[in-house]
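Each structure below appears as C-alpha cells.
Shared between the two complexes below is chain A, which has chain B as its partner in the first and chain C in the second.
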Partner chain A sequence: MKSELTMPKLRPDMQQGVVVAWLKQPGEPFQKGDAIYEVESDKVVNQIEAERQGKLCRQLVEEGDAVLVGDPVAEVE
Partner chain B sequence: MLYIENPSTDPYYNQALEEYLFTAIQDEDLFFLWRNTPVVVCGKYQNLFAEVHVPTALEEKVALLRRISGGGTVYHDLGNINYSLITSCEPATVDYTQFLNPMIAALSRLGAPAEIVAGNGIGVDGKKISGSAQRMVKRRVLHHGTLLFDTDLSRLRTLADGAAHGDVSKATASNPWPVTNLRTVLPQFDTTEQFFDALYAELDKAFSFERRTLRKEEEAAVRKIAEEKYHDWDWTFGGGPGFERTRTIQTPEDTFPLSFTVKKGIIQEVKSEQPAFTALNGHRFEPETVRRIIGSRSVAEQLF
Partner chain C sequence: MERKPDWLRVPYNPTEVAEVSALLSDAKLNTVCKEANCPNLGECYSKRTATFMIMGRDCTRNCRFCNVTPGRPGPLDPEEPMHVAEVVKKLGLKHAVITQVTRDDLPDGGAAHMADTVRAIRSLNPDVTIEVLISDLQGSVEALETVLSARPDVMNHNVEMVEELYDTIRPQAIYQRSLGVLRNSKRIAPDILTKTGFMVGLGETEEQLDRLMDDIRATDCDILTISQYLQPTHEHTKLMRYVTPEEFEAYKEKALAKGFRFVASAPLVRSSYRAAEAFTEITHK
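Let's turn to the complex of A and B:
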C-alpha cells in the first residue's frame, strides 16, 4: 500500500525544512530505523528515519528544496 | 559528563575527533573545549566557493573545512574557543536552549552579560560572540558552538563575509550578524588560555566533569577520519550543492562576461565569447588548476 512521507516538525516554531540529501533512491528497500533523507532546519542537519520497513517509490522533491511542515517529500510502500 | 582532553589545534584532526566521538560512543554524555589554528569552516550543505574566496584563503595558509552539521560559515583562530556537547535526545526533536543555557550561565558567572541572539547564537550587547549548529542521527545529538574571545575579526570579515556573491544555488545561506570578542567584556583575562581555564572551571561546576583521554587506538581512528574525509578534496570542495556563477572578467585588453556551473567541485557548461575558457570544462574548480589552464593568475582569481 502506498503512502507518503511528510516533512516532520522538528521544533515547535518550525515552518519548513530543506531536504538536503537523499540517502535512499527510488526502488530501494529500507528497514525500520534506516535513514531515508537528511533535513536541514535552524542549523541542524537531521537524519530522518523510517518508522517501519518498506520501499522508496518516488522522491517528490529534489535535494535543496524547501518543504513546508506536513507537505509530502516521498512516496513509499 | 565525560570531558575529553584534547590538546590538538589541528582543524582537520579536531573535526575528525568530533565525528569519531559522535559515532563511536553512544552511551555517554561528552563535552570538550578545543581550539583551531586559522580555518574557515562551512556547513555541510553550503557552497564553500560562495562563502570564502578560496585563492585568498589558500594564500594566507588558512585551512578550509566542511563540517557535518548545518548552518553557516565560521572563521576560527586560536583566539576562538569551540565547545562540543554530545548527548542523547528524543529523535527528531530540536532544542537549542538546553545546550545554550549552561554556556550562558557560565559566561554570566565570569561577568559577561550573555544572552541568546539570532535564535541559536549567544551575544553580548546584541553582538554575537557565539554561533552554534547541530547534527542529529538516531537518538544522538552533536551540538557545537564557537566562542569569540580574541579572534582577528577583520580577518573573519574578509575571509568569510557571509554574502552569496551572486551565485545561483540551493545551498544553505549564512546569516551574517555583527560580532564582537568576549575580551571586550571580560578584561580580567589577558589571554585566551586564561579565559579557557576559567571557562572550564565554571562548566565543571555545572557538569561535574570526569576527564578522559583518548586511547592510542582511538587517536589512530580519529587520524584515519581526518585523512580520509576532512583532507579529502571531494568532501570539502566537491561537497554541497552545485551552483551557477556569472562573472565579468577583466584582462588588460578586454572586459567580457563568463558564466559556468560547478557540480561536485567540477567546472561545467562554461559560456564565454572567449573560446579559451571552455577548456575549463571537466576540471576541478581549484585555483591551481584554473590558473594552469587559463595561464593568468589575475584572471583565474576573478573566477573565485
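Let's turn to the complex of A and C:
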C-alpha cells in the first residue's frame, strides 16, 4: 500500500525544512531505522529514519528544496 | 546556508521523538533538549532520556549563545518536583539530569526548589543517580549549600567559555563567580562530584583555552565536557568555526593530562549528553 513521508517538525519552532540529500533512491528498499533523507536545521543535519520497512517509490522534492512541516517529501510502499 | 561538516549529522526517528514529547507535555514539564534546540534531541528521546528544565521556560538572563527564552519568569510550581519524579519513573531513567533557567528574581535563585526536586526524585526512585546543572546562584554560598544538602550525585555548573568572551557573550555572568561555584561545591561537599563544560568555536585562542582548563582544574573539578558551539539562529552569537573531531580529541588528551577524572570532548557532546555513562565510568574506576 502506498503512503507518503512528510516533513517532520524537528524543533518546536520549525516551520519548514530543507531536504539537503536523498539517501535512498526510487525503487530502493529500506529497513525500519534506515536513514531515508537528510534535513538541515539551524544546528545540524538530521538523518530522518524509516519508521517501518518498505520501498521508496518516488521522491517528491529535490535536494535543496524547502518543504513546509507536514508536506509530503516522498511516496513509499 | 554554509554546508555543515559531515560530523554534524544526527539520527532522527519521528515516532520515538513524538512518544517522549507527548509524555513530557502531559506532565507539563520542560526539557532543555527542546528549549535549547539541542542537536541530540532525536538520539536522546529515542533512548527515552531527557534533561528536565525546571522553574519555567523564561530565563532572567540573556546570554547571546543560548536559545532559552529570556523574560520574566512566573511563580514556581510547587508540584513540579513531584511531576519530575514521576516522569523519571515512567521513563525508567537510571541517571536523571535536572537543570534550571537562571532565576535571579528569586532570593535563593531557586536553590530550595532544586533541592526539593532532588529529594522528590529520590523518594520515588531510590536507585536513580541525580545530576543537577545549576545557575551560578549569583555566587550565594548559602544557596549552594541548600542545593548540596539534598545530596545530588553530581553538581554541574557550566563555565561555558573562555574568560575573554564573557563580556560580549555572557554579560550577566562573571567568570570568577562561576569558578567559585565549582570551588565552593568541593569545599562544602567534597564527596559530591563536580562537573563543568565549555564550548569552542566562539573565537577563543588556544592559549585562552589552556588557561581556562587550568582555572577549572584549580577548583578540583572532576568532570569536564567540551563541545562545539552551534548557533541557534542568525540572531545569536556568530559561529566562528567548526572545530574538527581530531582537535576535540587533542583537547581531551590535554584535559586528562591536567588531571580531570573524566573528559567528554567531541563536536556534539553537550553538558548532559550521555551523562549517565560519564557518571558510571567515573564511579567504577
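We adopt the following convention: the second predicted complex is superposed on the first by the 77 of 77 C-alpha atoms of A that agree within 3 Å, B and C clash if a C-alpha of one lies under 4 Å from a C-alpha of the other, contacts with A are read in each partner's own complex, and residues count from 1 in each chain.
Keep this in mind: a residue touches a chain if its C-beta (ideal position, glycine included) is under 8 Å from a C-beta of that chain, and two chains touch if they have at least 3 such contacts.
Only a predicted model underlies this, so the values are computations on that prediction, with no experimental measurement involved.
Three-chain overlay on chain A, with chain B and chain C in a clash.
When both complexes are overlaid on chain A, the residue A:V69 reaches neither chain B nor chain C.
After overlaying the two complexes on the shared chain, residue contacts for A:L10 are found with chain B and with chain C alike. In the superposition on chain A, A:L23 contacts neither chain B nor chain C.
After overlaying the two complexes on the shared chain, residue contacts for A:L60 are found with neither chain B nor chain C.
Contact with both chain B and chain C is seen for A:D42 once the two complexes are overlaid on the shared chain. With chain A as the common frame, the single stretch of chain C that clashes into chain B is 199-207; none of the other options in 19-27, 73-81, 145-153 or 199-207 do. Overlaid on A, the two complexes show chain B and chain C touching the same residues of chain A, namely 8, 10-11, 18, 33, 35, 40-49. Residues of chain A that touch chain C in their complex: 8, 10-13, 18, 33, 35, 38-49, 51.
Those residues of chain C whose C-beta lies close enough to touch chain A in the complex are 1, 4, 8-15, 17, 34, 37, 39, 41-42, 230-233, 268. Contact residues on chain B toward chain A in their complex (touch as defined above): 43-45, 68-72, 91-96, 119-120, 132-138, 169-172, 241.
Every residue of chain A that touches chain B in the complex is listed here, in rising order: 8, 10-11, 14, 18, 20-21, 33, 35, 40-49, 62-65.
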